[in-house]
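Paired with subunit B in one complex and with subunit C in the other, subunit A is shared by the two complexes that follow.
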Partner chain A sequence: MHRALDANNLREVLKYSALMLSELRTSKLSPQKYYDLYMRAFDQLRQLEIFLRDESRHGLPVVDLYELVQHAGNILPRMYLLCTVGSVYIKSKQAPSKDVLKDLVEMCRGVQHPIRGLFLRSYLTQVSRDKLPEIGSDYQGDANTVMDAVEFVLQNFTEINKLWVRIQHQGPGTVREKQEKERNELRDLVGKNLHVLGQIEGVHLEMYKETVLPRILEQVVNCKDDFAQYYLMECIIQVFPDEYHLQTLETLLAACTQLMPTVDTKIVLTQLMDRLSNYAVSSPDVLHEFLQVEAFAKLNNAIGKVIDTQIEMPIVGAMTLFVSLLTFALRVHPDRLDYVDQVLGACVVKLSSGPKLEDARAMKQVVALLSAPLEKYNDIVTALTLSNYPRVMDHLDDGTNKLMAMLIIQSIMKNNSCISTADKVEVLFELIKGLIKDLDGNAYRGEDFQEEQNSVARLINMLDNEEPEEMLKIICVVRKHLMTGGTRRLPFTIPPLIFSALRLVRQLESQGGDMTGEDLPATPRKIFQILNQTIEVLSSVPCPELALRLYLQCAEAASDCDLEPAAYEFFTQAFILYEEEIADSKAQVTAIHLIAGTLQRINVFGVENRDTLTPKATGGGYSARLLKKPDQCRAVYACSHLFWVDDLDGIKDGERALLCLRRALRIANAAQQMANATRGSSGSVTLFVEILNKYIYFYEKGSPHITPSDIQSLIELINTEMQSDNNGNTRTHSDPFFTSTLRYMRFQKQKGGLMGDKYELIKL
Partner chain B sequence: MVLVLALGDLHVPHRAADLPPKFKSMLVPGKIQHIICTGNLCIKEIHDYLKTICPDLHIVRGEFDEDARYPETKTLTIGQFKLGLCHGHQVIPWGDLDSLAMLQRQLDVDILVTGHTHQFTAYKHEGGVVINPGSATGAYSSINQDVNPSFVLMDIDGLRVVVYVYELIDGEVKVDKIDFKKASTSTSAP
Partner chain C sequence: MNYLRGAFKPACNISITFTDGKNRKQVPVKKDNGQMVMNPLFHSQETIAGKVCIEPYQGKKVEHNGVKVELLGQIEMYFDRGNFYDFTSLVRELDVPGEIYEKKAYPFEFPTVEMPYETYNGVNVRLRYVLKVTVTRGYAGSIVEYQDFVVRNYSPLPPINNSIKMEVGIEDCLHIEFEYNKSKYHLKDVILGKVYFLLVRIKIKNMDLEIRRRESTGAGANTHVETETLAKFELMDGAPVRGESIPVRLFLTPYDLTPTHKNINNKFSVKYYLNLVLVDEEDRRYFKQQEITLYRLKDESS
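On to the complex of A and B.
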């Protein structure tokens, strides 16, 4: 053909072109291969076009050319040539673009073979692309010019789509997969037309709404081919601007509901919603358009319809749709909580209509649905106002329910939220009830149990209100829920509740005012009653050590409020626990320290009560009956402080303090003898040095019952003990202690003044 | 220059949900060489969290600690200083300086770190220094009516230790510092 071109021999050119184009008549090639062939032909046709355009080379006016090529033998080469000439014709402006194009698009009907026709029309699209009679182009026609352009492209598109769909039905069903692959390779040829439509100058919203979109959608729906429908819907969403989508939302959504059931409408709808969300976020001033168009309502309805009509859709599909819709609502209308609630409500309806939810993927989607408001609003209180939120949670299985509850708690912790009314606390604890108690009677004991309960405990610290009345209500609501938790949960959850109440007591106490009125809702006395009852429940677990500590905390708090009976009651409970429940030696030692330490600080007790409680701790009481002698000794001398409180009007009974020290000394001696008897060597002198330090303590405080000679003899005793070792070794480990004690006394001595005088009489 | 973080009495989750965010953002991993903790964390999560700030964690038992295996007292040497650690509920009267001084003599340490009162203190006495880092979360205390969250950072450099105390008061972190010098390396005398 090239030689003919060079020779400017028209007849030959046409003959050889037709020959070349006949190659395209084959049915044997796969689409990919056909495409290669097509491209090569395309290049050649470009050469041809250049030749044809130059009338001087071949001498024929283009009108005649147009006639001439129609004599080509077979229709396919004929059509290709016609299109090529037509392109030249339009360019020459000897006929209006719209007429030529109309002619061409009609005549292409002659080729009905799917692949061949597809490529032919594709060729037509390509050559006509820059010759459409659009606004501002060289080929602009009369007033209807844009309509003409649109009409041409639409027609071409319609025909191309029909051909494309037909590929599906060519062979037997067994080659469906292969056909799908082929169709996939060809789909861009179809989509290109839509791209062209999207780029035509002069197509504005009205025309799009009235003509373009309805025609496209008509084809999409009527072709009843799921492959085509899916691809074309995607194309439409991507090609046309978002503002158009917003204004034609109803039409688009109507089409969506009419699609074949096998089309994955979810993805189409999700894409649409994503685009609209991005649009809303990027230009906030279009928000009012969204509201005007009632975008959310329309989407909600459409989704509802899709879910209802596609009854085959698995539940995970429906949930995914809801998640997309919720994301849309949160991004576009973040302030419209009612929208969010609506989506949740629709979800509840769907979940209620089916069997119990078991699909893990669907569960995951529901969790995503519930997490989205938490992340968006960063404030649990907002989520608590969504009436459908708990209803959705009810449909989760136990494990997922707990997971969701943990997510809620984590959100509160992360945002440092404070929940401040009893009502909201009630709603919150209903939401997390999977953690608070055993649902459905199943005792779930996973490895996360401790972590979960600790999370609940931490949560309790986030509930606060400055108003004592409201705070007490909150405490009561929490208590009510925690009591349903069972014995395994109480040790974790009760302590933070106790301390919440103690903080409230302190707040009331510091506020002052009349605390004794019985009709006041929140008084320390009432709270202590609640505390007593609450700690009592721990005995069912049982955890006596924890309960003892809590009783002592309450006792000290009651003392600060001058409530002697309450304080006494708490101490009684603590003592009972000690005597009856705490048997472990180490635990006993700690318990004694806590009891003695607390008792030492409490100043509310009158003489009677004090005289009942103190001996129990000291002397003939707990201290002296500890198992190991060193423990006994230490406990007893610690109790000496019960008789000496350094306050202004604190008790300062030096005599009884000394009695304790003497008793401790006796025990230390006994311990020493035991060590001698059993191990053949003296034990350490540590105990003696400790007691010496205590002697010094009270001596310096001014107790008249401790004399310098007491201290002197104790020093002698220690020296003696240190030297009397059967093996003649001096023990080194207590030396530093004794040494530093002596050093301290010397330091005090050389201070002079009153302190110095005290030490004057002691030889160091 | 050795940085030692001293803190304790967090009481998570009994009395507090977590450390204050402002403290958490200051406690960055890798900056501190040692952590000494007076106890009452109370749960393992806090133990693990402290370990991420510094792997060399020393801790003693508070009366509410979940892990009963922590020791009652602990001593360690950092640079030229001997440090002693004890929660303090074992020393009666609680918070009494003389009784704590006795414990210090007994443990034979230059610096005694103790807690339980939820009140920051730093005393120098004949036998050395007693430091109480207070409660890192500002937890409720029956002993102390007005608790602000606080912790202590000690900068040990040769014979000198600078004690920085960080307190969260009305939402702002306030820092104070106290200098202590030790006379010589051989004894713990002032």
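On to the complex of A and C.
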């Protein structure tokens, strides 16, 4: 052929070209190999085209040439040559390009073999690409309109697609998989047509709407091949501009519902929505177009239809669709909450029509569905107004439900959003009830549970409202929900509730005392009643230590509010707890210290009440009954503070304080002796030093009952104890403590002043 | 020796030239030995005129009992080779008996010769026109020289030229409908048409359109039919599906065709058929044959 080309011998050229092209008639090659062959032939044909274009080299007008190549006996070489000459023909402008193109595309019908036809038509596409009579091209004229170009490409596309679809009908079913693969390799050839179509200049919207799209879709729908439908829809969506999609949404969607049931419509729709929403986001000007065409309503309808018609579609598919629709709605119409709600509503309908969700992937999609609005609005409050939101959540299984609830809480935390009305709180807790209640009998395991409950606790702290009344309502609501939580949860959830309530109390208090009128719903008194009940529950859990602490907290708060009865009540409860429930000695010690500390700070009690309460704590009471002597000792000297509150109006009962200290001293002595008896050596002097410090404290505070001599004697006592201690064995850590105490006293002495004077009396 | 040689050699050289031989169109004709020679072309009703030159060899004289030129239309059956049947025979006496000593030219003319049949070269039969110059000699046998020429006759455009349209099929297997735009084509025509597949249950490999020539010779019991395929043109490659319509476009130019001849002098007929052949994957052939009439159209360039 090359030799003939060089020799400008037309007849030989054509003969050899045909010979070469006959190679393409083989059906033994796989598409891949065939493609290689095609490419090589393609290169050769380019040379041929160059040769043919130059009329001087072969001396035949192109019209004759066009006829001449049709003499070839075999159709495939004939058609390749015809296409080549045809392209020359168009270039020469001796005939209107539309006629030539039409002829070519018509004649190509002769090749019905799928692969060969596919390549032939793709060749046609390739050679005609730059010769379409589109707007702005040289080939456009009176007779050649864009319409013709479109017509040509469409027709070629139709045929090429038919061929492509037909591949699968070749050969037995056993090689189906292989065929699918082959078709996959070939699909670009088909897609190229659409690509060309998309690039034709001057296809305006009207034309697209009237002609192009319906024709393509008709083809897509009619080919009845899932693989092709899927790919082509994808192509359509990718190739044409967004604006067109928007305007023809209805048609496009209608086609979607007509696809084969096995087509993965959801991906198609998802892509479409993605594109549209990107488009919407890209410029704000187009938004009104969306409204104009009611994009959302149409999409919504279509999706509903798709789901309805494709009964076999797994639930996960439906969910994926909903997710994309929702995303679309969120992106395009962030202000239209009702859209979101609609989507969720549809989702509910779908979910409730089927059995309970079991598919993990579907579950995941639902979670995605539910998280989308959260992320978008960054504000749970918005989500709470969606009435269908909780209904969707109902369909999740417990694990996922919890997960979702966690997500919700995390979202709240992240955004610091504040939920400020009782209604919303109600809804919110309805949402996260997976965390709050036992939905089934599952055991609570490990960290997850703790983590979850901690989150709930944190959430409770986020609830806040300036308005006490509303806040009280919130608290009531929360409480109502929490109470259903069961014993394992209460220890986590009650404390934040209590503190939240206490915060409210303080707030009320700070607003002024006149708020205590009976007609107001939110009085501290009422709150304390609620609290009392709440904690009671906790103590039955059983979690007495926690309950005790909470009681004490409440008592303190009550005292701040000057509610003596309430405070007293709390204390009573605390004491009861202590007596009845707290058995562990260590816990007891802690409890005693807590009680003592609280009691000391509370100043609301009248003398009578105080007298009832304090002894309980001190000598005769709990302190003395502790198991270990040092604990006793420490508890007792701590109690001494109960009688000496270093406030202006605090009680200053130095005598009883001294009594306490003396008792402590006695106990310390006893402890020392016990240690001697049991271990043969005296114990540490730590206790003594500690008591000494207490002495010094009260002395400094000016208690009249603590005399310098007391202190002095105590110091001596310690010294002797220490000596006896030093005899035998190791020096204990109390040594430095004692030394520093002494140093403190010396320092005070040297400093002089009022305090110095006091210390002067003590001899060291 | 010289004498002997002279006895076997023709005594003179005879050449026949046509009056407008230089300008007249020549067409290639295949001879018996396979060589192509160019022969002048005439049409019916034309005047065939020319010159016969008789040139005796050097130093010889030709005695003769008369010189004549004949225009013969002959049909030759190959099974009866050498036996010509003349359907046309015209004679012109050129010379009275005498002697020729030197080169002598005789003009001749056959005005408006009726030549109803075309020259035809078939498988079993041949129709030819020939000018035969005979120098009659009494004792040594006549000297004969032939000059072939070709006759082609134009037909007018047929007044009725219907398309051929037909639906054929094998039940539950294959149903097609085909259409050719005409039933009468001139020799440089293009056959246009389409094949429409109504039902395809077999796996078709390809579809060809063949042009077949059916030449029947003899008459009655001796009729001998010979069919040859002149063109095989692939219309379709691969298996079509239902509803597919395959275009047909076949240029007749490249093929060596003649017009249809019907019952030429009760000796032979030549008919043409379009044969649509479908081949399936097991190489079974399904075909449908349709007769077409070919004619020669006047305004052809040839």
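A few comments on the model shown:
Assume the second predicted complex is superposed on the first by the 738 of 764 C-alpha atoms of A that agree within 3 Å, B and C clash if a C-alpha of one lies under 4 Å from a C-alpha of the other, contacts with A are read in each partner's own complex, and residues count from 1 in each chain.
The definition used in the following text is that a residue touches a chain if its C-beta (ideal position, glycine included) is under 8 Å from a C-beta of that chain, and two chains touch if they have at least 3 such contacts.
In this text, all values refer to a predicted model and were calculated from it rather than measured experimentally.
Considered on the superposed subunit A, subunit B and subunit C are sterically compatible, since they fit side by side. In the superposition on chain A, A:F747 makes contact with subunit B only, while subunit C stays out of contact range.
Judged by the number of subunit A residues each one touches, B leads among subunit B and subunit C. In the superposed model, A:D36 lies in contact with neither subunit B nor subunit C. Seen from the C-alpha centre of subunit A, the directions to the centres of subunit B and subunit C diverge by 150°, a value given as a multiple of 10 for the model superposed on chain A. Looking at the shared chain after the overlay, A:D64 reaches neither subunit B nor subunit C. By the document's definition of touching, of the two partners only subunit B reaches A:E700; subunit C does not. Shared-chain residue A:L594: touches subunit B; no touch with subunit C. Touch criterion not met for A:E243: it reaches neither subunit B nor subunit C. When the two structures are aligned on the shared chain, A:R458 is found in touch with subunit B, with no touch to subunit C. Once the two complexes are laid over each other on the shared chain, residue contacts for A:R549 go to subunit B alone; subunit C is not touched.
In the overlay built on the shared chain, the residue A:R166 is in contact with subunit C alone; subunit B does not reach it. Between subunit B and subunit C, the minimal CA-CA distance in the chain A superposition rounds to 71 Å. The residues of subunit A shared by its contacts with subunit B and with subunit C come to none at all. On the subunit C side of its complex with subunit A, the touching residues are 204, 206, 231-241, 244-247, 249, 251, 253-254.
Every residue of subunit B that touches subunit A in the complex is listed here, in rising order: 11-18, 21, 43, 45, 63-64, 89-90, 92-94, 96, 98-99, 101-102, 105-106, 108, 126-127, 139-140, 142-143, 145, 188-189. The part of subunit A that touches subunit C in the complex is made up of residues 25, 67, 70-71, 73-76, 78, 106-107, 109-114, 116-117, 162, 166, 169-170.
Of all the residues in subunit A, the ones that touch subunit B in their complex are 413, 416, 451, 454-455, 457-462, 492, 495-496, 499, 502-503, 506, 510, 549, 553, 556-557, 560, 590, 593-594, 596-598, 600-601, 638, 641, 645-646, 686, 689-690, 693-694, 697, 700, 736-737, 740-741, 743-744, 747-748.
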